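Below, chain A partners chain B and then partners chain C, in two separate complexes.
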Partner chain A sequence: MIESKRRRRTVANIATYFVLAGLSMFCIGPMIWMLLTSLKYEADIVTQTMQYIPRRVTFDNYVAIWTQSGFPRLIGNSITVTFLTVTICVATGTLAAYAFSRFAFRGRTQLMLGYLVVRMFPAVMMIIPLYVVMRGVGLVDSRFGLALAYTSFLLPLFVWMLKGFFDSAPRELESAARIDGSTRLGAMVRIVMPLARNGLVASSVFIAIAAWNEFLFALMLTTGQGSRTWPVGLQLMVGEFQLPWGVLAAGGILSILPVVVLFAIVQRTMVQGLTAGAIKG
Partner chain B sequence: MTADIEIRNVNKHFGAMSVLEDLSLSIKAREFIVFLGPSGCGKSTLLRMIAGLETVDSGEIAINRERIDHLPPGKRGIAMVFQSYALYPHMTVRDNMAFGLENIGMSREVIDARINEAARILEMPHLLERKPGQLSGGQRQRVAIGRAIVKEPKAFLFDEPLSNLDAALRTRTRLELAQLHQRLQSTMIFVTHDQVEAMTLADRIVVMNNRRIEQIGSPMEIYERPATKFVAGFVGAPAMNFIDATLDRSSGNATARFSDGISVRTAISSDLLADDKYSFGIRSEDVRIVPPGQGNADGVVDVLERLGERTLIYIRLGDGQQIVGSDVGNSRVAVGHKVGLAFDGQKSHLFSAAGRAWHAREA
Partner chain C sequence: MTSSSSRYLPLRALGELSETRYWMYLLLLPSLVMILLVIAYPTLYGMAISFRDMRLTRPGLDGWVGFKHYAGMWSDPVFWIALKNTVVWVTAAIVLELALGLLAATALNRDLPGTKIFAVLILLPYFLPNVVAGHMWALLLDPRLGVINDLLVRVGVLETYKAWFADPNTALAATVLVEAWHGFPFFALLLLAGLKSIPEDLYRAAAVDGAGVSAQLRLITLPMLKTVIAAAVILRVIGLVNSPDLLLILTGGGPGDATQVLSLYAFQTAYKEFNFGYASALSVVMFVILMIFAAAYIRLSRITKGEGDD
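Now for the complex of A and B:
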């Protein structure tokens, strides 16, 4: 009886791991393949029989994309746009999230919902009116304009996420800070923000990754080298008659490196429970 | 430093709901005042209005005859201790205590001197470099009080500061607060729903209920001469016994008659009483247990609560009403026994239908 129960549990465990491993392969597989491809010679990529593990390893693709294309420029633009987006979101979104979290004002719920509505429309639908507006104010093909466009759909997400973190910071702490002579803003900056620091970092990284990887808006709103970001640039490298697989793969790997690094940071910060001891624990 | 506090005709609404109605109160310098009442009676709101954490809809609050209800909390010269302690978790104990002083631009030497003095008073110099997360509940409470002391405020405000502590620690901290008040001679306002805290700490208790003040008085005044039926029922454990009574006002002092023919002669002058229907009130310690037939009424023991120094006895009368009486610690009475009840008419109270109270003339 016990024996059979144990066996059943083992079978269930094996099945679970099988599913998990399968899903992991599904997610990570393409990235590993891309990494392997980026390390191959062009001749080893397109072959009669599939070669998963490269027989000869080369870094030529990395050298090629970094020196023989506008890739560094693309990365530079992406960094600028991402930085601008995060800066705008943090500067305005933090205040907005705090207000939503702490104040009861007329139209609060409607405004919060309105923020979500923006995200319900497909980006494709927004892109044409947005393009017209951007052209009208002369922000097409500018990194700042692209950052503004990103802000329009990332800020609501940022505010919603951060509001949750602010909500969990005890209100009595702010009351105490105000009695200790802080203003509302002072209490927010010196007491609530340090407590919601992990949330702030997590939300910012989330925004940064979204801005970093964005393709559609970037495709429509940038026309020249001056403001084009890496996802568009990489896509444009796909020629009509030739496909430089190795170089593209190397570009892809280089582009996801910052994302991987950022995720590593978020993970560490999010685990720390900073609020421990704030109230009776 | 100490201060008197004057609250005049204060009103407060949250949306359409009224929380405080036309409330006025004078607090003398160096007084220990306790706001006592059930949850939702407005006592915490009143405290937060004095602190400046809630706005005043209409009316005035003055400290030392200076109007402060328009000032931000930090400019009122008060300190507050919260139920959750509200220590800044990312700062050390020292930084927690220094925070308010730094905000008013005090010099580092003075801050350090004050922190060391407060730490000495509260016997916690060894805790100064720790963070709140590394402290026990009692230690956090001390730090919260220390953070208030260093400000040398005009008044201390306590918002149910003991309710998160366990029973033993609560009793000890209560005693320490009383000693602290004697030592600092500051005005202190303490909010609680615990009548024992109120009775033991207060110079005067402000009993609040349903947006209003029911009674202001010394603990013994509140206990012995409650102004309303609410106060009589809220203060004292177990709660006062109430029995519906019809009055016989033919002699000088009124006699209360209960539905099953029991009667008790009170010490309350008939002249004062206009009506015939009253609620008769008597505390458990004024209901003695006697052999059956020798008291005002007989009943059957329902439940015994042995408290050590006395025994509370819940007795069911003939008409089904339950009365709490009191007997010696090692009472011989057992559940199911038939006993007699002797009501001490001198210490009985009468309450009108509107809740107003009448007591025996003061001796």
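Now for the complex of A and C:
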């Protein structure tokens, strides 16, 4: 009886590892293949018989994407746009998230629901009027304009995520500081912000990754070299210059590198923030 | 000395301001201004555009046309194809993602040694950019040098390499596969958190009562997960309906209109033809359909939840 139970558990454990290994392979297999492709000579990519393990390794593709295209410029623009987006969201969203988390006031529920509903707006529905409006005020093809456009869908997300982190920061220390004569502002800056620091970092990283990856708004709102971000640039290179596979793969690896690194660092806190809302709701 | 005291003065004033009863409204003001500026105003303006003729290629054309664009949609065959494809594409992707997500979450929830690293690997695709995901899979499924074709031929499933994205019969299915790869970690994430919130005691009690694995799944896991599944599905449906990115990169709606969906059709009408009026009308219709679906879905999932409680 006990023997068969133990056997059954062993079988279940093996099956679990089997499933996890299979799913992991499905998830990162394509990325590994892209990495391998980026390290191959073009002649080894376009062959009659497929080379699974590259017989010779080269970094030519990385050199090519970095020196023979506007790639560094695109990356620079993406860094600027991402930085601006995160700055706007942190500057305005942190205050709002704090207000939603700590105060009861008239219209709170409706306003929070409003921040949720705007996330449902289709990107296309926003892109067209934003393009027309921004063309009117000279913000098309500007990095600041693109960052403003990103705020339209990232700020509500940021506020909701950060509110969850503020909610889980204990109120007692804040109350103690208030009793000791600290102002609300003082308590917020000196007590709550440090307590919710990890959450603030994780929410910011989430926004940063989304801004770094964004393609559709950037395609519509950037028209020239001055503000074009890497996803648009890479996509246009594929269309215009028939980019060789190896070079395209190298560009892909370079551009996901910062995402993978940031994700690896803050994934635990970020996951916690992403799931909190859905579980409670 | 003087500079530091003059810097302190406004801070002190702000500190005093924080004691007034308008403080929370002041905190909300900056983000509210941003949202009104970049969401509310453009949205209203966009709805107005859908009742106007607006083509950037013909600057003179700029009049109110009432419901012309909406009436035009009725007799536009591409609109109906796109609508049908949207339903098929979203449904297929959701079913696949939910199944994979449930599988991943159940396996991860057993907390066997070493599964933390698997969790990180499984979540990774969700954070990757569409542009890279699209080209990566285009390379994997390439008709000349795609490794998936090579593997399938070696195993004997395929006779020759197949052009997955160029064949109208397989194009939509191939894009669903890519979308599922990109999106199922989201389900895994939420479902895992949902599973973790189910008390262990329930399973122990059920095991004592002689409930097997399948009975536990049917009687405990799924009912307890219902809210999480409902929330995850609605969020993902909104995401899928609204974002044409991956299809734009993989197929551009082709071959023919085999992978044309509403969001992509609206985007291309604006981006390629500069027909902003019709594109706006398309996106407004898409938004209304989505709202109706969301409202009906939330009501339905509430009703079933209510029955479960009785």
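Assume the second predicted complex is superposed on the first by the 262 of 281 C-alpha atoms of A that agree within 3 Å, B and C clash if a C-alpha of one lies under 4 Å from a C-alpha of the other, contacts with A are read in each partner's own complex, and residues count from 1 in each chain.
Note that in this section a contact is a pair of C-beta atoms (placed from the backbone, for glycine too) under 8 Å apart; a residue touches a chain by one contact, two chains touch by 3 or more.
Just so you know, these numbers come straight off a predicted model, no measurement behind them.
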| item | value |
| --- | --- |
| Touched partner set for A:149, first chain B, second chain C, both or neither | second |
| Chain B versus chain C as contact partner of A:207, first or second or both or neither | neither |
| Partner chain in contact with A:159 - chain B first, chain C second, else both or neither | second |
| Chain B versus chain C, judged by how many residues of chain A each one touches | C |
| First (chain B), second (chain C), both or neither touched by A:93 | second |
| Touched partner set for A:170, first chain B, second chain C, both or neither | first |
| First, second, both or neither for A:183, with chain B first and chain C second | both |
| Which of chain B and chain C A:237 touches, first, second, both or neither | neither |
| Touched partner set for A:81, first chain B, second chain C, both or neither | neither |
| Chain B versus chain C as contact partner of A:121, first or second or both or neither | second |
| Touching both chain B and chain C, residues of chain A | 183, 186, 274-275, 278-279, 281 |
| Complex interface listing, chain B residues touching chain A | 48, 51-53, 72-75, 78-80, 82-90, 99-100, 103-104, 131-135, 137, 140, 147, 151, 164 |
| Chain B-touching residues of chain A, taken from the complex the two chains share | 170, 172-173, 175-183, 186, 191, 194-195, 274-281 |
| Interfacial residue positions of chain C with respect to chain A in the complex | 14-19, 23-25, 27-28, 30-35, 37-39, 41-43, 45-46, 49, 54, 100, 103-104, 107-108, 110, 112, 115, 118, 120-125, 127-132, 135-137, 139-140, 144-145, 147, 150, 181, 185, 189-190, 192-194, 197, 227-228, 231-232, 235, 238, 241-245, 248-249, 263, 266-267, 270-271, 276, 279-280, 282-284, 286-287, 290-291, 294 |
| Parts of chain A lying in touch with chain C, wherever the complex brings them together | 12-13, 16-17, 19-21, 23-24, 26-28, 30-31, 33-34, 37, 45-47, 50, 52, 88, 91-93, 95-96, 98-99, 102-103, 105, 111, 115, 118-133, 148-149, 151-152, 155-156, 159, 183-186, 188, 209, 212-213, 215-216, 219-220, 231, 234-235, 238, 245, 248-249, 252, 255-256, 259-260, 263-264, 267, 271, 274-275, 278-279, 281 |
